[in-house]
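Take a look at the structure below.
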């Protein structure tokens, strides 16, 4: 059993920087206890964005994956990092969203000038940087146990963000989130133990070469995917998500909804397409899709029934995550030469990216609206348009992507999924996509309707919002829309490094 | 030489095991916390001491012999302190389990 | 015949586990869990994994047990907490657990022959590092990134615990760890044991390079000594804003990172060591990590701040 | 003939089943955390079985899974510490179960 060796490519050291840089920032904030925690974060955020862009440029220029072998120890003994088109796309996405969140969070998480260190800024900025390290590790690592450590990093950074305000409801939500995440981790780890027992390696490329279609492999992959489903909040394991994402401060909710739940899904993609013996199990693919359909329909209806804006957006997150799981049967049945060249695969990944941008923008906009009005009850949103018009506009633009209306990234994504569904005669999936769009339109318009209504006579604005914060939120929404104008050609980028893994 | 060492080991360890057995029976049969504690600590001190004594001739070098003695001392210290604490807790009206 | 001890141990573990889950009183459950932890460390010795046995005894049973016992004390007298749910749900869960167990048991009963292993590869490269304990080599060389990120996990966990501090108390010290009935014997133990414990902790760290032992085990012993001193009320827990405390927490990860980056100049890349310097570098990193682990574990048990900074 | 390693594999299986049962069914968060630790221990023993079966090249057990277990034990401890701290804070603030309490209708803060 000698899987082909990884060869470190020239720019590989940058992958290490992408993982380690946030850690350095986090440790610096923690240890130095300097006047203001956010200064270090503002130093790290742009550098991290540049690193992600540099790696992306490298991948685009060479048309091949960037690889690094840690410590020079070849897998399966050591661990390799590898950035293909998909992981680089997600790294850039992460960096963009985090930078935007960083800008918007400046208002809410600045250390008061009279204190050396305050609790919530210190915790917020260290955890955001911890999250970043975790996400980059998830996107780059080629080792299933290292991915476990990355998932734990993600959990430990995400959970305290939920209960930053220390209220009873948010503490409850955080505890429930933690328990779900821990069940997920332990099931994942159990699968990893079985795979190691069966193959003596946890390296993705090695497993791809060795994977057999036997009981141990099926049980291992089943346990791992079940665990990851709990972390990615797929119906019926979604119960933890709405209170957790709605309870967190808006800036944190944006990161949790846009990025954190995508990490376990990304690992499912890796397991499904890179590890599982092909062709994958058709029944399992159908089951994932059915759970996805249930997520879309059930949680869209739940979103319609919420009284609070942030809870509505949180339910919408579960619904939109459901779309991601539709791709499994669509990819299997397509006649594209490889899974990642099929319309279904590209549509699914595009949905991931456009939802991340749209949802981050939506949560941030909701946060600004709540800050300006002093509450987030949907019934009493009237007058929002006159106080924070740009945020309401951003909310609407982001809504386009969720509904799947043109022009938006969400439109292209859902259109591709729909095409794939009709081509492969998966009529139920096609119907769910259409119905989900209609439901999304109803919950988005319900909010816009109220927000654009004339304000009541006793209307009072609680706080004025600086323009740069609103513009940042609008920028994210515009990114989600512009994604719909990008010609389909560059989507070949997503497939870089996936054909003929080393 | 080795025969004598082995005989000593067998004798001491067997005696130690007997005290452990007696202590366990006491733990299960005695009526309240203090008497149970009494049975347990007596058995522990004697039983464990005898087992360490029995193992000493078997240790390959002086260093491992010393380690055994250190282990014995630590167990004595921990056992004595723990039983004192339990006794105090019990006499202050803790649960008479 | 030779299977008898193993069989008895397995039976004891399972009985203790059932007791842990089914006990009505939550303190009984915690005690059951500690017993499982101790029995499991015996199982690890039987599985020829002495390093893991030491870690399980120190961290799995010991530190986790202390944490849970303290939680019980803080939660106060408990209402009965037995499983009291709908029968249908219990049956459903029972079926689910049985299916998982049967699947796992089948896989365990029919292993791949010959068993796949990385032991030969791991052994073949040990000469390049110059350490005698293969587990330490895996932790600090082959898979050093796991260990590094796991230290970050510990720091994040500490931040997560501290994040639960009420705002006005931020920067202050965790509540006293003093045992409810702290008294003579405990004070005596806390005065006598720490010097010995520190020697043993350092011995475990130093010894870990070539024989079973290492950073985690040694660090936990150091943490235990510190906790003992705090529980006997000889020392108060430190304020969480203290710069010394913060720097001790990050010392390990920082030294590890510096060693990692040094690899770019003195060896061939991140976290790689030149053969002749590998041992001193690893021992240095281990010492720093152990110190950080000791401080982090102690502070994790102590919990969030409960007093305003002085 | 079952070897001792297989015996420990079955022991791991039992721990997993018991832990999973407690984790799903216990209403009390502290008991869930304890059950999670049992489930974790079972998983670690599965790694230990793989390590023991992989004994070769003069090593009594494959060191790679052993190292993974050591990392895993420390991570599980950290998880327990965070969960316990959260739980105690939750109890201090007046809630003791995982059931979401009805939100206060007068509460104007964004939820």
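Things worth noting here:
First chain written, first letter: the chains are A, B, C and D, and each begins at residue 1.
To be clear about the criterion, a contact is a pair of C-beta atoms (placed from the backbone, for glycine too) under 8 Å apart; a residue touches a chain by one contact, two chains touch by 3 or more.
None of the values given here were measured: they were computed from a predicted structure.
Number of steps on the shortest path from subunit A to subunit D, with steps defined by chain touch: 1. Across the two candidate interfaces, A-C and C-D, the one carrying more C-beta contacts is C-D. With centres computed from Cα atoms alone, the innermost chain of the structure is D.
Centroid to centroid, with C-alpha atoms defining each point, subunit A and subunit C lie 31 Å apart.
Subunit A and subunit B have Cα centroids lying 57 Å from one another. One simple way to say how far apart two chains are is to compare their mean CA positions; for subunit C and subunit D this gives 13 Å. Touching two or more other chains at once are residues 100, 104, 111, 115-118, 122, 142-143, 146, 150, 153, 157, 160, 164 of subunit C. In subunit B, there is no position where the chain touches two or more neighbouring chains simultaneously.
Shared interface positions of subunit D, i.e. residues touching 2 or more other chains, are given as 16, 33, 46, 49-50, 53-54, 62, 64, 68, 71, 75, 78-79, 82, 86-87, 89.
Under the touch rule stated earlier, the contacting chain pairs are A-C, A-D, B-C, C-D.
Here subunit C touches subunit A in the complex through residues 100, 103-104, 106-107, 111-112, 115-118, 121-122, 125, 141-146, 149-150, 152-153, 155-157, 159-160, 162-167, 170-171, 241, 243, 246-247, 249-250, 253-254, 257, 260, 263-264, 267-273, going by the rule given at the top.
Of all the residues in subunit C, the ones that touch subunit D in their complex are 2-3, 6-7, 10, 13-14, 17-18, 20-21, 26, 29-30, 33, 36-37, 40, 43-44, 46-49, 51-52, 55-56, 59-60, 63-64, 67-68, 70-72, 74-75, 81, 83-85, 89-90, 93-94, 96-98, 100-101, 104-105, 108-109, 111, 115-120, 122-124, 134-135, 137-139, 142-143, 146-147, 150, 153-154, 157, 160-161, 164, 216, 297, 300-301, 303-304.
Of all the residues in subunit B, the ones that touch subunit C in their complex are 70, 74, 77-78, 80-81, 84-85, 88-89, 92.
Every residue of subunit D that touches subunit C in the complex is listed here, in rising order: 2-22, 24-28, 30-31, 33-35, 37-38, 41, 44-46, 48-64, 66-71, 73-82, 84-89, 91.
Those residues of subunit D that touch subunit A in the shared complex are 16, 23, 29, 32-33, 36, 39-40, 43, 46-47, 49-50, 53-54, 62, 64-65, 68, 71-72, 75, 78-79, 82-83, 86-87, 89-90, 93-95, 98, 100-101, 103, 108-111.
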